[in-house]
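Each chain gets a letter, A, B, C and D, in the order it is written, and its residues are counted from 1.
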Amino acid sequence: MNDKKYNKDTSQVQHNEIDELRNESNITHRTTSSSLEKILYKQHKVLDHGFVRVIDYMGDDSAIVQAARVSYGKGTKKVSEDTGLIRYLMRHSHSTPFEMCEIKFHIKLPIFIARQWVRHRTANINEYSARYSILDKEFYIPNSSNLGAQSQSNRQGRDSNLTGDEAAEVLGILKNDALQLYGNYEKMMNIKSTGEKINENNLGLSRELARMNLSLNYYTQWYWKIDLHNLLHFLRLRADKHAQLEIREYADVILKMVEEWVPETYKAFIEYQMQGVKLSSTSWQAVKNLINGSLPSHKDMGISKREWDELNDLINN
Amino acid sequence: MNDKKYNKDTSQVQHNEIDELRNESNITHRTTSSSLEKILYKQHKVLDHGFVRVIDYMGDDSAIVQAARVSYGKGTKKVSEDTGLIRYLMRHSHSTPFEMCEIKFHIKLPIFIARQWVRHRTANINEYSARYSILDKEFYIPNSSNLGAQSQSNRQGRDSNLTGDEAAEVLGILKNDALQLYGNYEKMMNIKSTGEKINENNLGLSRELARMNLSLNYYTQWYWKIDLHNLLHFLRLRADKHAQLEIREYADVILKMVEEWVPETYKAFIEYQMQGVKLSSTSWQAVKNLINGSLPSHKDMGISKREWDELNDLINN
Amino acid sequence: MNDKKYNKDTSQVQHNEIDELRNESNITHRTTSSSLEKILYKQHKVLDHGFVRVIDYMGDDSAIVQAARVSYGKGTKKVSEDTGLIRYLMRHSHSTPFEMCEIKFHIKLPIFIARQWVRHRTANINEYSARYSILDKEFYIPNSSNLGAQSQSNRQGRDSNLTGDEAAEVLGILKNDALQLYGNYEKMMNIKSTGEKINENNLGLSRELARMNLSLNYYTQWYWKIDLHNLLHFLRLRADKHAQLEIREYADVILKMVEEWVPETYKAFIEYQMQGVKLSSTSWQAVKNLINGSLPSHKDMGISKREWDELNDLINN
Amino acid sequence: MNDKKYNKDTSQVQHNEIDELRNESNITHRTTSSSLEKILYKQHKVLDHGFVRVIDYMGDDSAIVQAARVSYGKGTKKVSEDTGLIRYLMRHSHSTPFEMCEIKFHIKLPIFIARQWVRHRTANINEYSARYSILDKEFYIPNSSNLGAQSQSNRQGRDSNLTGDEAAEVLGILKNDALQLYGNYEKMMNIKSTGEKINENNLGLSRELARMNLSLNYYTQWYWKIDLHNLLHFLRLRADKHAQLEIREYADVILKMVEEWVPETYKAFIEYQMQGVKLSSTSWQAVKNLINGSLPSHKDMGISKREWDELNDLINN
């Protein structure tokens, strides 16, 4: 990317590039998902400046069936049999057929979210290099409805939102600090947004150093490619209510794309994993007692109060 | 696969299935390789009963450039610049952009080769299950021109071919043993090639046990999916002269497919990796001495005779 | 290994080597598991000629706690708190702290089992090379109590054992074929068990080719190194009743070693994973109905008969 | 970690914890590296507030030899043979025996360096959680001798250092901004360094959000565990002159630890990889021409000016 005009409004250029890609049509013998083709390359907005775009994909529900059967042709039989096979594979954690589908995204996201994301190691990443190029002047400021206070019960969660003066002060700090940092980023590199030098006599600090003065809510972007099995694993953890809200917003968008791409796999995934239930040996014994009409206590069961509460939450919701 | 007719000549059925796939054409906005489309799904024969077929692919040379530039559109500039970028990435071992392309094969190969192949861990595999289904009556018998004697200089290599009576005896053993084993495989499972029971009173040994009586030259088959970076790593090791000849024949076929798929990457790969040269610090010092007209000996250089000979082989070939 | 005497009874030599290792004691500041030290290097027999030996290990329960807390010192607090943390990590699938322990085994196993084993990709393997060395004359023959017939209900399982003449015939086939193959293996390589040539005029087929005439019940051996998280994943799948009996015998032996090594992790693993229960969204709804006294049918629930039976098995056992 | 006193000088506590670990001695039958034991747990300072500590390790040079030979005992022979084997394995890229050694570090490093580091995926990481705990008030400020200007020739590198007023201004910006951000971090969380609330009426922003206002030069810390093969790969890339200086300082410290731990492997690594030379097919042809006394030009060779210059640099240095 040409950093001479790095801060210009490039959105029109980008939209033109995306339209150009969408206007191109090719003939292929490959498995093709007509639903996914409809949204290919398009930007789906997330948070204030982020997005997710599908750039490419390989396979669909039929490719899973085909690989599971190691077949010469399509490998598919009656729709009901294929659906049954996908459900069976999902139920019994047969992961390798789901690895036979692959998808590639272009994602723009705040750095502190990128740091969580990258911990999913079985994926391919090419990130925009701030050693090489200048980062855009874009940073994440939460909606006032997402300004969660520190949770008192869960040390890594958030509770009800800040309000009034406290919320206003926080939003003010986040904005002012981010703007100040970007100004100093430019000043240290000795470069204006027009691409000109600020001070003709200065050398300008290297980009690889100057970037360290930006804060973790600045946006970065990357190409991210992953197989369907590992993508579902990512979604199970990151579309979960324990995940940080900001990454969950990305996961929710991707989950909808998965539904378009592999609808049968999506349904099985929701049924067995997202909304499925895992119980310990002892909790399951307690459930069986309940079915049989006895009313065990957590002490009877030798289970911690915390696990007991978790179990009762499950039963009563 | 229906094991009732497992030994029937299924090749006609398979060819029909492949033709059916090739007759289907879809419209896609995705990057498409017209050269690879021409061979998609087709069987490329390897050894006596093996094959390689490309089943699906994602990306091409332009996808590498696009990911390296983290671009919104195609990411390509002038052809010469793109070629230069691919060569640069290959020369400096920037592996992640090459991970942005993916390819899926259907491969039939002898089990002893599958055992070497599977050691490349960064790939996805779905193998035909001999717990679940009955293996075909197909085993590898080398050409008489590939019947290498044990190498005397290299403990894990082969030398000149066996000839005459010795060759004939070896071929006879391989054929007879394989046929006998298959007969006993059927006998233990109590199943004829027609799918009928051999002996009405017998239960038949489970498939998961009976298969262990087959020898390592029996063919298996699998779906194998891998990204381009890891595929090139596989090819560098397995298309190399130190690789066992049988796996090299597969690697050579795949190498040609890579040339069709990503021609610029292929050229850079040959230039920098397949035909490139790696020298130790000391060997490089010796080379510099030679350029300067001095004639060092391996003792002067403190290098083993073996490394010295390897270096001279490189210089004189 | 010196192939000149490859078929000699090497067991005494091996026992001496093991004793030598066990007689050596070193002082270390590292975390040390006294229980695991007691069995270090010792062979634990599996099947007829197989074994598992622990060769080295890193960490113990306290290392998991230490990593989860990213602490400077031991990271442990009161035993009860550490136990609670390990249970919490296991319950909520926090896998990375369990990756901080590592173990290395030396394993001897039949090739058809090695082929299942190697599919667990996140592990390090060095296998005995039959390109380089001559394999031992050792092959797996099942106990007559393990000669399962093909299951009629589960295509990849086994049922009750073969008996009488059928069992005897199968055992006879397995033994005779294996012996004949080994004789021909030596004949093709032109080498006696003493290391001498059989026929002075013959060249001898290369080892890399001759090995392919051996059957899949021949034993191989390897060094296998894996972190605790991935080991537990392996055990969950391979100590499961759906796993093939032969690999389960290895998993059961390793499971006991895990109990010695990391007893708190072992207990949590059994509670939450090995004996834990996973239910689909719909099955869990059925369970909640049962608790509330209503008696749903699988049709009411929109669940397949097969899943319904699986659920009732869980409830009634 | 107790966040009530998060900003207290904890260094004395930490030193006591480290001393406690070093004072503990255990008896083990495991392979032990006496050189590495001497530095186990100790902090090796890097940059202004960072460090590297070895926390645990598995194996040494002999474990590589043992695995390569799949041996029952130590597997080592004469020292010269073992050294030769290690050199052979390194020269021919036989990576699996080096995977049989494992090492675990505790590392404190600036976040922008952690972002580069984590791209090495084949490793295990447990990072200090800023969702859960409060980060220390520690940030990286470069030495004035490391304040490189943006390179004009290499877009992702740095040149000569900033000096005089420009250097002073940059250092001022970095310090002031970092201090201001930390003050606002505390203010948003509504917590003093004593652990008390700043404003009794405020809820305090959740930690998972407040952290995003910190800049990328703030320090984080993690446990990092990796096998020797992948560690050497990391070091080859990160101790290289093209790596960013800050990560190179970590790599250089770790390289010295590797020398203590596996001295023969270290020597082979330097000889064949760090100081070894890779040439393209064409460059090697040019070298052969030079040896034979002809003086090719880059045009004769069909090689770019840039590659030609790289080659001449190699020859003349």
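Just so we're on the same page, a residue touches a chain if its C-beta (ideal position, glycine included) is under 8 Å from a C-beta of that chain, and two chains touch if they have at least 3 such contacts.
What you see is a predicted model, and the numbers here were worked out from it, not measured in a lab.
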(request) Using residue numbers, check each pair in A-D, B-D or C-D against B-C and return the one sharing over half of the contact pairs. (result) A-D
(request) Give the chain pair, either A-C or A-B, that is connected by more C-beta contacts. (result) A-B
(request) Please compute the C-alpha centroid of subunit A, do the same for subunit C, then give the distance between them in whole Å. (result) 35
(request) Would you mind listing the residues of subunit B that make contact with two or more other chains? (result) 96, 119, 125
(request) Under the touch definition given earlier, write down the residues of subunit B that touch subunit D in their complex. (result) 84, 87, 91-93, 96, 119, 237, 242, 270-272, 275-282, 284, 287-288, 290-291, 304, 307, 314-315
(request) Would you pull the subunit A residues touching subunit B in the complex into a rising list? (result) 1, 13-14, 17-18, 20-22, 24-32, 37, 40-41, 55-59, 63, 66-74, 96-97, 99-100, 102, 104, 106, 124-128, 221-223, 225, 227
(request) Sort out for me which residues of subunit D touch subunit A in the complex. (result) 110-112, 114-115, 118-119, 121-122, 125, 129, 131-132, 140, 142, 147-151, 155-160, 162, 166, 169-170, 173-174, 177-178, 180-181, 184, 187-190, 199, 202-209, 211-217, 244
